[in-house]
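After this come two complexes, each holding subunit A, first together with subunit B and then together with subunit C.
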Partner chain A sequence: MSQSYNRGTVEDFGRWRDFSAGMWAWIFHKFTGWVLVGYLFTHIAVLSTAIQGEALYNGTLQGLEALLVVRFLEVGLLAVAVFHILNGLRLLFVDLGIGLEAQDKSFYASMVLTGAIVVASIPTFLGGKLV
Partner chain B sequence: MSTIEQETETEETTDESAEPTVESPGERRRAEKQERAQAREDQRVDEEIDHSEETITLKVFRYDPEVEGKEEPRFDDFTVPFHKGMTVLDALIYSRDHYDSSLTFRHSCRQAVCGSDALFINGRQRLACKTQIADLDAGTIRIEPLPHQEVVKDLVVDMEHFYDQMEAVEPYFDADELPDDELEEQRQDRENREKIKMSTRCIWCGACMSSCNIAAGDNEYLGPAAINKAYRFAMDEREGEQRKQERLRIIEQEHGVWRCQTQFSCTEVCPKDIPLTEHIQELKREAVKNNLKFW
Partner chain C sequence: MAEHYSSFDRNGSRWLLQRITAVFLIGVLAFHFMLLHFVNHAAEVTLAGTTARMSSIGYFTTMWLFLVTATFHGVNGVYNALINQGLTGTRKRAVKWVLVVAGVLLIAQGTRVAVAMTNLI
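This part shows the complex of A and B:
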């Protein structure tokens, strides 16, 4: 056997420019999934302040809402969650074997819909005055 | 003996500045003769290029671990006269015949039947013989061996693993009962034929496997082509029940259908347009149904 040459990571994500819709959908789905898992922990941490009584819970939430960066993070969280839900539906159909020829279109549709919902939510998240 | 001769030959053509230290008259004559031949060849190539209005440039991956000075992978440029209807394979053959006879790639049928020339062309797995140069928008055509497979030389990759996976699903027909008369046909109804029609078209080119980054990360994953093979037989109504059960057992193992995460990369690149992801998904459902047995 002759030796052979391994081309390394260029073969995978070094080629991202050549990725097609299905591949992007997979990457985004993985990414948003991990973000949501990460969020779950902060979510639990914040909510569990309620164990220490009303005052602390309200204080924590108000304190967080007062930060502009938190508002932006909330918009980001919504984007991530909405995409994960919509693409999850897309994957459900893929698993049921429905509309597999339109899988790229349904991915674009979930992207567009995510964008629309996020834009529509901006007044709600960023509108309320910072205390 | 012959290999040594070949090596010196290729070295001379690629590295003309290297002068042998001790020269016999015979060697000098041969060298001169070769030089003249080379000059003639260059001129002929020049003329040929001049006369055709349009040329294209190939950027070809080169690598040869067995020849000194070529162990480092590099890209070679070849300028090839373009004519209407020219495929990437035509251009490669032209380059090999006119510029560098050591350029190595597999090909045979030139009509997308044998599956030997799947290459990575402009960032995508394609059959060279099925890819029209006119259809590629980039001016230079970048040709590399299939990713995620070991490169043996230039554009030739080691297909052994792919073939192993294909064999792993036991891709052969096995009916429960054979007709009494040896010469009697085993008929399939039209609907069933339609169902498996696309899956029978696989030409074992390996493009799908190469495009799948799950297969790249998990060497034991059967891969799209092998699962498609399993589909072809499992969905055939003539297949025996026992064999079908066995086949389903093979594909529902840890490194079988469940590894597929529906990236659609394989479906995208398959030169025979086989809906691979669809078939994998159907086998997933089939495996679940088979295990649940509610109906």
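This part shows the complex of A and C:
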């Protein structure tokens, strides 16, 4: 027998205390998606310096990498990318109807694994010459 | 009783393409991050090194497909998110064409950049 559920509106952030794991996963996936698509346009803009030649390209990349704030932004980018990848895998399984009963646990696993990978990557991102 | 929820239109080609590009991007985005942050540190990237990588036909093709699939997945994702927020009618059509133009321009500029980075062309 089919059954209807009133899940409310996820977009109504005022009721965030009522959100379940799946709704948080949906919100985080949307947020990380906005960040990644924004970064994609920025990334192509920065890499476009290659059209103007070696001096501008190398100077731009090395100048950005010399800033501590850029290194922290890279850690943040890794965090959103890793979460989007792991939760994206979870979504593919949900779409295939696999493991639906564990969809909340797989969200928590995505969060924990993202945290672990990001923490482990910090020495790599902060290493190297800084201004 | 477990229900299968999805806010996407499962009959459209965009739904399928979003998932096909997702499968490709999961692998390529992870590879891209590993190669350019952990194998080669971003602070050590130079145009000479970039050109050496982009002059391999396999790497060039993978990166160009990365550009196209990431643009589609990102722009289509933004469109889906705005539809979820209740975008309809004329505004929906206007947003759709703004996103199409933005996506085409990004792929065109990305292709120019890729060509500038390779010795293949």
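In this section, the second predicted complex is superposed on the first by the 119 of 131 C-alpha atoms of A that agree within 3 Å, B and C clash if a C-alpha of one lies under 4 Å from a C-alpha of the other, contacts with A are read in each partner's own complex, and residues count from 1 in each chain.
Following the convention adopted for this analysis, a contact is a pair of C-beta atoms (placed from the backbone, for glycine too) under 8 Å apart; a residue touches a chain by one contact, two chains touch by 3 or more.
Every value quoted in this text rests on a predicted model; they were computed, and no experiment measured them.
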Problem - First (subunit B), second (subunit C), both or neither touched by A:81 - result: second
Exercise for the section: Pick one for A:97: touches subunit B only (first), subunit C only (second), both, or neither. Expected result: both
Handout entry: subunit C versus subunit B, contacts on subunit A by residue
Key = C
Practice task
Considering only touches as defined above, state whether A:20 meets subunit B (first), subunit C (second), both or neither.
Solution key: first
Problem - On subunit A, positions contacted by subunit B and by subunit C - result: 3, 5, 7, 11, 22, 91, 94-95, 97, 100-101
Exercise for the section: Please give the residue numbers of subunit C that touch subunit A in the complex, ascending. Expected result: 1-6, 19, 22-23, 25-26, 29-30, 33, 37-38, 41-48, 50, 67, 70-71, 74-75, 77-78, 81, 84-86, 102, 106, 109-110, 112-113, 116-117
Practice task
Can you check the complex and tell me which residues of subunit A touch subunit C?
Solution key: 3, 5, 7, 10-11, 22, 30, 33-34, 36-37, 40-41, 44, 47-48, 50-51, 53-54, 57-58, 61-62, 65-66, 74, 78, 81, 85, 88-89, 91-92, 94-95, 97, 100-101, 121, 124-125, 127-129
Problem - Complex interface listing, subunit A residues touching subunit B - result: 2-7, 11-12, 15, 17-18, 20-23, 25-26, 91, 94-95, 97, 100-101, 103-104
Fill in the blank from the handout: So, in the complex, the side of subunit B touching subunit A is made of residues 63, 65-66, 73, 123-124, 147-148, 150-153, 158, 213, 216, 261-265, 267-268, 275, 277-278, 281-282, 284-285
